[in-house]
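Look for chain A in each of the two complexes below; its partner is chain B in the first and chain C in the second.
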Partner chain A sequence: MGKAVAIIGVGQTNHGRRMDVSYPDLVREAVLRVYEETGLSPNDVDGVVSGTMPSMMEGVALTHFYFADAMASAGKPILKTETCGSTGVSLAHTAYYWISSGMADLVLAVGHEKMTEGDSQATMTTVVEPWYQRYFIAGAPGVFSMQSQMWSVRYGLDEKKVRDAAAYISVTHHDSAFDNPYAHVKIRVTAEDVKNARVITYPVRLLDVCPNSDGACAVIFASEEMVKKLGLKKVAWVKGLGYRGEEYFFGDSDKAVWQSAVQAAKQAYDMAGIKDPRKELDVAEVYNPFTFQEMLFYECFGFCGLGEAPDLVLQGTFGRKGELPCDPSGGTLCTNPIGATGLIRTAEAALQVMEKAGDHQIPGAKLAFSHAMGGVDQFNGVMIVGSER
Partner chain B sequence: MNKEFKTIKTEIRLPYELAYGATWTRFFEGMSNQILYGSKCEKCNRVLVPARTFCPRCFIDTKEWVEVPQQGTLTAWSYVNYRYFGQPTTPPFIGALIRLDGTDVDFVHLLGGFDLSDFEKVRKIVKNGMRVEAVWANERKAHIMDIRYFKPLA
Partner chain C sequence: MSKKVAVVAVAQTPGAESKDNLYDQAYHVTREILDKSGLNREKVGTIVSAASDIFHGGISCANSYYWETTGAFLKNASRQDGESLFAFFYGVMRILAGHYDTALILAICKGSENPENDACTLMFSDPFYQRELGIQETIAAALQMRQYMDKYGVTKEQCAGVSVKNFRNALGNPYAHKRGRYTVKDVLESGMLADPLTELQVAPKSEGIVAVLLASEEAAKKITDKPIWFKGYGSSLDNYFLGDRNLLEGQLPAAAARAYKMAGINDPRKEIDLAEITEPYAFQELLWCEDLGFCEKGGGGKLLESGITERTGRLPVNPSGGVLANNPYVSRGLQRVVEAVLQLRGEAGEHQVDGKRKTALAHGTHGFAGQCHAVAILGS
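So, the complex of A and B:
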């Protein structure tokens, strides 16, 4: 085990369709905010790590060079971490490894995406295998629709119940987004609106899907020595992390009981000493671009048994006042600048245990789970943070 | 503050020529002859389709070629009804995961052979677990679209 690592500050842009700023200026908005929040300056930082989805998203390759100025990284070690949709959590992992190894005391992690400038689904389709699969796998919704079917068929779940639970998730997350000043989509929706929205890829309808967002998130990680030196009282200690990938070909591995999600969570739980996640965790930021998939994640993460998620969702178990509130920020469903999104999950988890989440604060949250997934249903990453060292 | 800011329109087009290598050259030659090849891993005994140079789980070369049945069972499907730049298949279409008989992984292709224009009608026809069969193109080019689609078996 390496040295202890804490998150000491978070900066987010106002996410949304941000045609009022260039991409570098957007990135700098998040970086300025994290320095303002922590009272630190770029001179204090030992290294910078940044990441996005594929470069085709915005048409500029190697964005960590593009943003050297916006991240004030000149003269410092710089890394890029890129794991598709899970990039953000991988950025948090990279910063953790860097400090935990003893090679740095302060690391700036920056995730960013400006999705409205390109064609996001065309970009994502370039992730897909070019000879056999690209003709049939249409961006993210196509893949995740199939996954949600595998799951509901596996457990013989009642179609109407699953539909109702998905609508419940959509309505409550859209409501929560109003309490998050940085969230993108802020609309009130009813269960009927969700169930009658246009089909994107059956069973996924328009209000079951995340938006294309522009946004960036900057997080500063610190060693224990640095936390003491700066005299910080409220920080988010990294308690556990886990990451797993699967085979490349879509179709080679089971996605209903998604082993990369199961194993990534298990690794993080083992490190954090968590035995019963639903009881021990106070809040979770699950990467949820699709309502149906969120339920599958609850099961893979052991928040409930396999096939149980729809019932518990409808009972409010994962609502803001439930036993384990999930995505009180409104989650990925309401805000998805992909390269930033996973880091936003970790940042939101950190804000919760630092009691800085504002109107979407879960009272007394001490242990928080964050997660992101990526690839063609290929990768899952988890980071758990807590208020206690 | 609703001020409009300027934008620039730009485009990147790059040509590629991707090498199939020996395994996939043979697989696609098989397709042009209406044959679907899989490979069997001698360690885990799984039959992988399309054929592979090596088993991704055991990380050993696969040596045994098998001709895979052209009928299978529908694992999952996705009715795609949206468009994006450069989309190779025109929507609406149904992407599908199909477990071909005697294989151990799902093969990705299209479902077709019926009217796709009305989703509600499609939903009555397509069921997870239904039997499907490959329908070949008359003119074949050693390409994945040498199979036009998999059609439901009555």
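So, the complex of A and C:
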């Protein structure tokens, strides 16, 4: 393997409906914060990786041009990584490889989206080709509702129990968002609120769904030599990474035992030497735009057996005080600026193992899992970070 | 770099409109690479592609569509947007980091199904100030060309000479989209597009599915006896607003300096044996040659007239006909790598340059007046 790589700093915007700033200014907010946090300046970094969702989202193509100044990247080497919803984790992967290959010592990764200036569901419908699928894919919720149904039918799960578990996830994540200063949706909800909320696509209801957020995330990655040179003690070492993509046509693959998710996690576990993820991981930031889907991810990532997730959720296994806390930041369910979201997952994982997560810190977290998903249920990417080299 | 990476196989489609759909075209190019390298899909380590949503027939998240047809099913693959040399570099990184022995790099752009180039490049403009003015890549290039001629006294005839040379070179390139024997007068009288740019000084809209297979030193030895080695790479991004930039003092010298440093090149005029550079507007070949250090500032016109950059010259530039002859927007950077590899291997056929050549430069640029540049150095 190549050189060791660590995350040394994180900058996030105050995510939400940010009509007070332009899109470049939103990006600038995150970039300034990561430089303030690390005490570094743009002159110090060897390269910048930028990424968003497709250009139909905000109506600007190849946004690394537009954000050259906001990212303080003029005069710098640049890469532009885009893999749909998994863009954020793919940005982290790109920064990792850049340093691990020995061709850079400090790399800035920036993910961004200003979703209130576009139409996210219309954009997502254009991910599917215009001949067969586009007529059927009503944005993201339709796809994930079909997946949820496939999963619960596969294991003969009790509909009421699945509904209760999904409501539990919604309630606990919305509570957690109050402990995250950067989270978008901060509302107290009860299980009854969730179960009585307006149906979006059955069984998904309004409080089972993430919001459209404006937000950006900036993360600085460093080589081991640079970590030493800067005299940094608390950093998040990259322990493992994995990525997989599967069939483009939604109906071609099994979405209940979702192979791209299973194998992306396995690749990351193999690299990190993890055999029993529920025991060995201290915290996970799972990309969870929909409550039902989060349970399916737990199973695909080996956090529990197939079909077991609803029971364990209701027992609190994945709660803040549980065996493997998932999404203590409130997760994607409460904040979703898509191009930034995956990188926020990795950033939150890094904050946990650096003991910098503030009010949503999981005490003693040493090994953290982060994940993002993209395409029409097609891509999954994982990055695992740890406090130990 | 302690480890080495080689290009071990290349493939490309012709630039003219194909009756094949994108899916089939991408499959054929991937199949060709596998056949040429004697690998099956399972043996390919990782895949990095380049494509742009807006240039992609109305499909967002472009790589989700062509994922399986490029062999990526249940593989660790990724994608770069806008410039295919980014994907080339990312593939190199993935091998040097020790995770993979081979990397398939693909660039995908089906120009015939896209809107006009500048309908797409207009989308680079911010929606509030520049887009209202209609600023797109050709308008930006016209402003840059005017400044270039005014400052250095480069003549419009010299600029047109680039078109004459490159369309003539393209006569020997079976993949070229446009080719022909033109005079300087033909070029200058070809109809005004954006003053001072005439039609024959502006690149067409082409198709291009372009692929290379990269391999670690060990893997390369098993695949080919003619590896072409990765020697260096550099890129650089300029400020965004045209008015904030000096269009004649751009970022190409910085990108080139990084690539030369990595490759250990001190005097590009002597050490580079041929160059494939991205010149969507004829005059840019002259300006980029200056920025790459092939001649002094303002000397691009004289460099062309000296014949050094002819296919038979000391430092041939765009023996394939360059981007003027073939312009699949996102793919054109990687296409320069493919052409450079063919030349270094002595496999360029009718457009093969004279004599033994050891070191080649491939250049890509995208954005207004060269807002972003990338340079790769390859050696036999």
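Just so we're on the same page, the second predicted complex is superposed on the first by the 389 of 389 C-alpha atoms of A that agree within 3 Å, B and C clash if a C-alpha of one lies under 4 Å from a C-alpha of the other, contacts with A are read in each partner's own complex, and residues count from 1 in each chain.
Here is the rule we go by: contacts are C-beta pairs under 8 Å (C-beta built on N, C-alpha and C of every residue); 3 or more make two chains touch, one makes a residue touch a chain.
Because the structure is a prediction, the values reported are computed rather than measured.
In the model built by aligning both structures on chain A, chain B fits alongside chain C without clashing. Chain A has more of its residues touched by C than by the other of chain B and chain C. Using the contact criterion defined above for the overlaid structures, shared-chain residue A:Glu247 touches chain B and also reaches chain C.
Of the two partner chains, chain B is the only one that A:Asp20 touches; chain C does not reach it. By the touch criterion defined above, A:Pro130 lies against chain B and chain C together after alignment on the C-alpha atoms of chain A.
Contact with chain B, but none with chain C, is seen for A:Ile200 once the two complexes are overlaid on the shared chain. In the superposed model, A:Gln259 makes contact with chain C only, not with chain B. When the two structures are aligned on the shared chain, A:Gly59 is found in touch with chain B and with chain C. In the superposition on chain A, no contact is made by A:Arg278 with either chain B or chain C. No C-alpha atom of chain B lies closer than 5 Å to any C-alpha atom of chain C in the overlay. Within chain A, the residues touched by chain B in the first complex and by chain C in the second are 56, 59, 130, 247-248.
Those residues of chain C that touch chain A in the complex are listed here as 1-2, 52-54, 58-68, 72-83, 86, 89-90, 92-99, 120, 123-127, 233-241, 244, 251, 254-255, 258, 262, 366-368, 371-372.
Per the touch definition, chain B reaches chain A in the complex via residues 1, 3, 5, 7, 10, 12, 18, 20, 24, 28, 48, 50, 56-57, 75-82, 84-89, 91, 93, 95-97, 105-110, 119, 123, 128-129, 144-145. Looking at the complex, you find that chain A touches chain C at residues 1-3, 48, 51, 53-56, 59-62, 64-69, 73-84, 90, 93-94, 96-98, 100-103, 123-124, 126-130, 242-248, 259-260, 263, 267, 374-376, 378-379.
Here chain A touches chain B in the complex through residues 19-20, 56, 59, 119-122, 125, 130-139, 141-143, 145-147, 149-150, 153, 199-202, 247-252, going by the rule given at the top.
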